[in-house]
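For clarity, chains are labelled A, B, C and D in written order, and residue numbers in each chain start from 1.
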Amino acid sequence: METGWPESESSRRFGVLFAGLGAISTTLIAGVEAIKRGLAQPVGSVALLGTLDVDPEGDPRHVRIRDYLDLPDLDDLVFGAWDIVDTDGYAVARQARVLEPDLLDSLTHELAAVRPWPGVFDPRFNRRGPVTFAKTGRDFLDLAEQVQQDILRFHEAHGLERSVVMWCGSTEAYLEPAEAHQTLAGFEAAMRDSDHAVVAPSMIYAYAALSLGLPFVNATPSRTVDIPALVELAQLHGAPTAGKDLKTGQTLLKTIVAPGLRDRMLGLEGWFSTNILGNGDGATLNDPDAFRTKQESKLSVLSSILRPDLYPDLYGHLHHQVKINYYPPRGDNKESWDTIDLFGWLGYRMSIKIDFLCRDSILAAPLMLDLALFMDLAKRAGLAGPQDWLGFYFKSPMTSTGQPPEHELSVQAAVLRRELRALVPVPMAAPVPPRVA
Amino acid sequence: METGWPESESSRRFGVLFAGLGAISTTLIAGVEAIKRGLAQPVGSVALLGTLDVDPEGDPRHVRIRDYLDLPDLDDLVFGAWDIVDTDGYAVARQARVLEPDLLDSLTHELAAVRPWPGVFDPRFNRRGPVTFAKTGRDFLDLAEQVQQDILRFHEAHGLERSVVMWCGSTEAYLEPAEAHQTLAGFEAAMRDSDHAVVAPSMIYAYAALSLGLPFVNATPSRTVDIPALVELAQLHGAPTAGKDLKTGQTLLKTIVAPGLRDRMLGLEGWFSTNILGNGDGATLNDPDAFRTKQESKLSVLSSILRPDLYPDLYGHLHHQVKINYYPPRGDNKESWDTIDLFGWLGYRMSIKIDFLCRDSILAAPLMLDLALFMDLAKRAGLAGPQDWLGFYFKSPMTSTGQPPEHELSVQAAVLRRELRALVPVPMAAPVPPRVA
Amino acid sequence: METGWPESESSRRFGVLFAGLGAISTTLIAGVEAIKRGLAQPVGSVALLGTLDVDPEGDPRHVRIRDYLDLPDLDDLVFGAWDIVDTDGYAVARQARVLEPDLLDSLTHELAAVRPWPGVFDPRFNRRGPVTFAKTGRDFLDLAEQVQQDILRFHEAHGLERSVVMWCGSTEAYLEPAEAHQTLAGFEAAMRDSDHAVVAPSMIYAYAALSLGLPFVNATPSRTVDIPALVELAQLHGAPTAGKDLKTGQTLLKTIVAPGLRDRMLGLEGWFSTNILGNGDGATLNDPDAFRTKQESKLSVLSSILRPDLYPDLYGHLHHQVKINYYPPRGDNKESWDTIDLFGWLGYRMSIKIDFLCRDSILAAPLMLDLALFMDLAKRAGLAGPQDWLGFYFKSPMTSTGQPPEHELSVQAAVLRRELRALVPVPMAAPVPPRVA
Amino acid sequence: METGWPESESSRRFGVLFAGLGAISTTLIAGVEAIKRGLAQPVGSVALLGTLDVDPEGDPRHVRIRDYLDLPDLDDLVFGAWDIVDTDGYAVARQARVLEPDLLDSLTHELAAVRPWPGVFDPRFNRRGPVTFAKTGRDFLDLAEQVQQDILRFHEAHGLERSVVMWCGSTEAYLEPAEAHQTLAGFEAAMRDSDHAVVAPSMIYAYAALSLGLPFVNATPSRTVDIPALVELAQLHGAPTAGKDLKTGQTLLKTIVAPGLRDRMLGLEGWFSTNILGNGDGATLNDPDAFRTKQESKLSVLSSILRPDLYPDLYGHLHHQVKINYYPPRGDNKESWDTIDLFGWLGYRMSIKIDFLCRDSILAAPLMLDLALFMDLAKRAGLAGPQDWLGFYFKSPMTSTGQPPEHELSVQAAVLRRELRALVPVPMAAPVPPRVA
């Protein structure tokens, strides 16, 4: 067989495994089931609704991305999960209060079918009270092996050959960069020593997945797979990686708006951003240690876009502040408020205020779906290590080059489209040797 | 001498002639003088502050646009104007109440030096009361010749060889497209007949300028130079044209924000835009006839960006409304308010509200400066007819191809940079044969 | 029997008859049924949740208004309606899309039980297309008699002695004041002549109700009962009246906020108010003729509160604008946006912006409930004619004195409480002679 | 002489002494001088612009408060100040950047004439760096005596008999309530012991002023005069007191809006308030210790107005948060943003967002002017101790009864007017025996 799609339908199917069965993953699962029944459109999914102009030099000719790349269908996705609470997808979704009870009730069967395996837990990184539904073992390597066993049994049970593993647990407490993060050897030693100063739970999932050559996505601001040791592991096993921190509400808007102001050479004195949210993420981020992890992820985007080095008179004195407030009345319905202090011709002041009433999991779910489909595509295409072209989806995109990432949304979208255009359809069946990114 | 700049300093100098001495033109003049004295930076001017990455394939290398293209200095600009009120730039600027009295007082000399020539007036297009400071003549052709005489005398008085003529008068009442707009011959017949159903005052300025081969800019939503007859004239005389309607407040933000929502495949149910402004423009637009001209300019941008033809489920049912309210307390300090009704995954609703406290003339002045410098550059480079690459500056960009214009700001900015990169420095002195755009 | 409540339970019951079965009335009915079942609290109802300090001179002693006045229970309300569409309360409520389908489905029986009698329709006042479910008759007097027959049959069917009749149809087209509005004799002549220049449909309901001595409420901005002729009729038959235009969204906030700014002697340059709404009311108000009726109701409140006559330096130059925009995406969920231009010490400018995401019928329903209970109380207390003390509920309160009404919410609330405190419990059974207000 | 004004003009004059020469005090002084020259109106001053209906039972008859009470003129105010920086009013005002440089320059003479006496400083309460312009002495009693000497010399120099002393220094670090605050004897012992755990600098000014029988105002959230010991002292010497924390921006609006929502029995789930400000107050409040003082002052107003005890279903679960962010771009131009989560009929949710672009010192200055005039009036009327009727001006009004204060602005305004109506004009010359409040 040459390039092109394999005959056996089974090979189109793949696993989507969530480390953390919470609001985002259940919103994704519920949505996929609803779409499969024809109740909804996959709004927000570039993979399923987006188009490519496949002849950018000639007359525009737009083709659906899903058709151009012959992506798997939603029927081809098989969901699994780990969590540190012994519950099921239906109960989680009800508790998350993202989706209407009616809708969830109509999907009870599909949601309840997702029952998590025991998760990896470490109180050093997650202040949640006593946890009973967690793996125990000799050391961290042992925990990783247990994770791998979960995956392999899942593959066998569902007749799968591939999965994408996605970390979407709570934001972990801040982890200082350590020497042992630099090399795989050092990191594995720390795994063996169960060293909490080096290894966070999300890294154990990453280690497990990458060692099996499976794509790994980090949806959160935690460091997770963004350390040289795990990049080395990914390259070794031909596994693509992507992260960090899904770009949803305020930062999404910031990376849309700021480039336009800079394109017009309008000056900025200040940009004040505040958020109110009442979901689990909000509660976690009330912990200053977890907020530090998040803060780092949120502050850097502006200077990257505005380039105060090139335009010191315009952006050299910008005050940028980002606040996150835990405010229970809102639940998952986040509100962000930005007030932007501009100056223009002759220094005259203007201002923009943006109020975004958004829904965290509603914005995140289609990003996760795209990442599952595109990471599976990357794997089939033989790409390994950080997938720079998926920076579109993240607040702090990992890069394979060590260069600072691109944050401007329109540029990220162009990079994504360019890479998709370049990816010829790739066989789904046979494992391919890694192409170093 | 081949390519490269000419020796004679005089040839760097050129005229900037405003048809309409009002808030925008005096804000521009005052700013230029303040910048020349070192009191301010040219904030908002891409020509003066912007950079180009001159090696886009290799490592980034940013060069100032003004240096890369060896643009004339602010000292090289010589200002002139027409108006239908016999006043001077200082008085106009005081009355416009855009800039602080202190600043204006310190520039009294320079501003007062700009005394307008009598303008072209037609009550059919401008409801303003009786006007005494206007040209009279045999027919419209005669008026155009008087405008040309003003220009030529100005050139002689200041030792100039070139000017850019910019229409920035009040928005004219709506003008129905007519047969006579289609050909230069038909249009000239209407000029000879002084036909108010065909020829608006702004067109008389355009006719005069283009016939002399001078670049012509239409800063307003009026049709002006955007008719086949005048494009034909521009091509004939090697004159570049650009318009219509400077993209400043709300529409600027719309063309920044909408592409990002579409890139993310987020659906839109509604986009409600309202404006309150209290300057002359606001008063003019209270006239439903003038508003019709403006409305047309404002409504089309969204469908061009969102492509409901490609994404009917996302944008096929969008309600887009634009309101403009004359509200005197604000003066030139416009406020726009947008409320945007989004839907995402599973159709869940979200909303964005944007409040923009902007300043009309402060945003417009640097655009006019850029247009003066870039249109002069276009002329020297031998470009003629509509300058598509300057669409960045306009709400309703004229195109040379008859295709609908690009509205997305980031794309417009990329087109602008690409064209600038392509323009090798061009001699300033000798007239060059037109290169058809 | 002296003062005090009658024994027979039947006499606590009374009819609540809506002329116009639409979003407001069905939201009220559904809510009442839900509250009766213990599913909800009567949020927004002063009559049911409010308290009185019954010893204002001594230590505070708060008593529930419903207890202090021994108000009827929700079980005592019996609903009826007229409409010009032959439908039922359940269908209307579903179509209005104010309440969740689930809730409505659980109340199908109670809602469907409300089937309207044919209404009074006149295309002069309501641009809605051809209407088939309307009364026809000899003249307007005949139509009024038919309305009375509906009421009396309803009383008989339900064993009732009393009803409150509430006009809550569409805003009618503007009606010029006429000579015939001045006296009952003149008005009755116009009724006999079916004079469309004098009598709008809402007046026919009012005439019918008042002639039976029943309380009549005008929930809309239409003139309806606010003419001397009908006040005369109300006095004659001992019927209390109240209106016009329920004070819900933007005007409610305006009459809360403006008094505070005036109390602080802060100046006002401008107050710009815009509304977007997509319900039937919005569609009706898109008709300039209906909007004129509404506009009148909305503009006067500020000058009444701010008193530019007393404070010309502060409020003598206020620009007040009110806009209403029909914008379908919102349905019943109205959004109002106010931007207020203040000035303070030394004339320095400040601004307040208020965005109110409200729900028209949700705000209106409890006001209707209060009005039903309080108008019934007024009737039992022998009050007749305009009930000034209910100005709290209206944008354009009717007054019995001919004086301009009070608009300040806190003053209206104090007046309401004072009157309630003064009303000793009144027998429910026997009709009492009218006490002229 | 009986009641009525004294003949000698000198007795109308009195001192206004600021402990803290900063943005507020210089804005007040500059404004007073500008008004005296006819350049401005005293916008925001109830004392000077407000009216009283002097016949509330009969037909309305509005009389200017200043006329009714024969208040002193602005010419009668003589300004003095203490500060811990040796500068003058002109320099302070320039640095505060509240008022336009032009205006300040035209008032250089009057502003520069106010040169402070050395202030009282204690690093325990104010984190500002090393201070050299401060009083030194044996103990705190000695410092208070030095303050009294300053006052008496000032009286002598200007021929004055009376002054009002106003504390308007930086917010002091949080001070724990102490046993020694309970009695004058205990407090004086702590003064003698220079006990920093009991006595803050603002209390030393208060002690000095009250011992002389002079009215004392606390414009800040610090405890200052709001302790039993100093109330005892005030009563002893017949000195009126008022405080704490001028009610200007967000809290002002909150006490205007919340009562209206409660009057309508609308429920509240949450009220999130955030502030951005860049003046000295903002910098001070960045210190968590100072913020604690402020926070206490800001949080209590809502529950006092909403009465969750009476309306547990409506307000029993309210989440109320107040944030203050130091954000330099704004300077004195504070922005507050409130987002209010309401619920109405059947629990349906609505929201109000309020954005207030205000100016701290512009709002505060006229309050200080009113307080100077009204506290002088109180003194002449023989009132002593906490002046409950001035609660209108404060976020945390002191009360004489120990009862919680009234926060509702409209009620406070009514109380203020009632007391003013009751105060017959009082002779200015002779000291009067204290009337215990």
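Quick notes
Operating definition for what follows: contacts are C-beta pairs under 8 Å (C-beta built on N, C-alpha and C of every residue); 3 or more make two chains touch, one makes a residue touch a chain.
A quick note: this is a predicted structure, and the numbers were derived from the prediction, not measured.
Judged by contacting C-beta pairs, the busier of the interfaces A-B and B-C is A-B. Comparing A-D with the candidates A-B, B-C or C-D, the pair whose contacts agree for more than half of the residue-numbered pairs is B-C.
Centre-to-centre separation of chain B and chain C, using mean CA positions: 52 Å. Here the CA centre of chain A is 43 Å from the CA centre of chain B. The set of chain B residues that touch two or more partner chains comprises 353, 355. Contact residues on chain D toward chain C in their complex (touch as defined above): 27, 30-31, 34, 40-46, 49-51, 62, 99, 103, 252-253, 255-257, 259-261, 263-267, 310-311, 313-314, 343-348, 350-359, 362-363, 365-366, 392, 408-411, 413. Within the complex, the chain B residues that touch chain C are 269-270, 272, 274, 276, 319, 321, 323, 325, 327-330, 335, 337, 339, 341, 353, 355.
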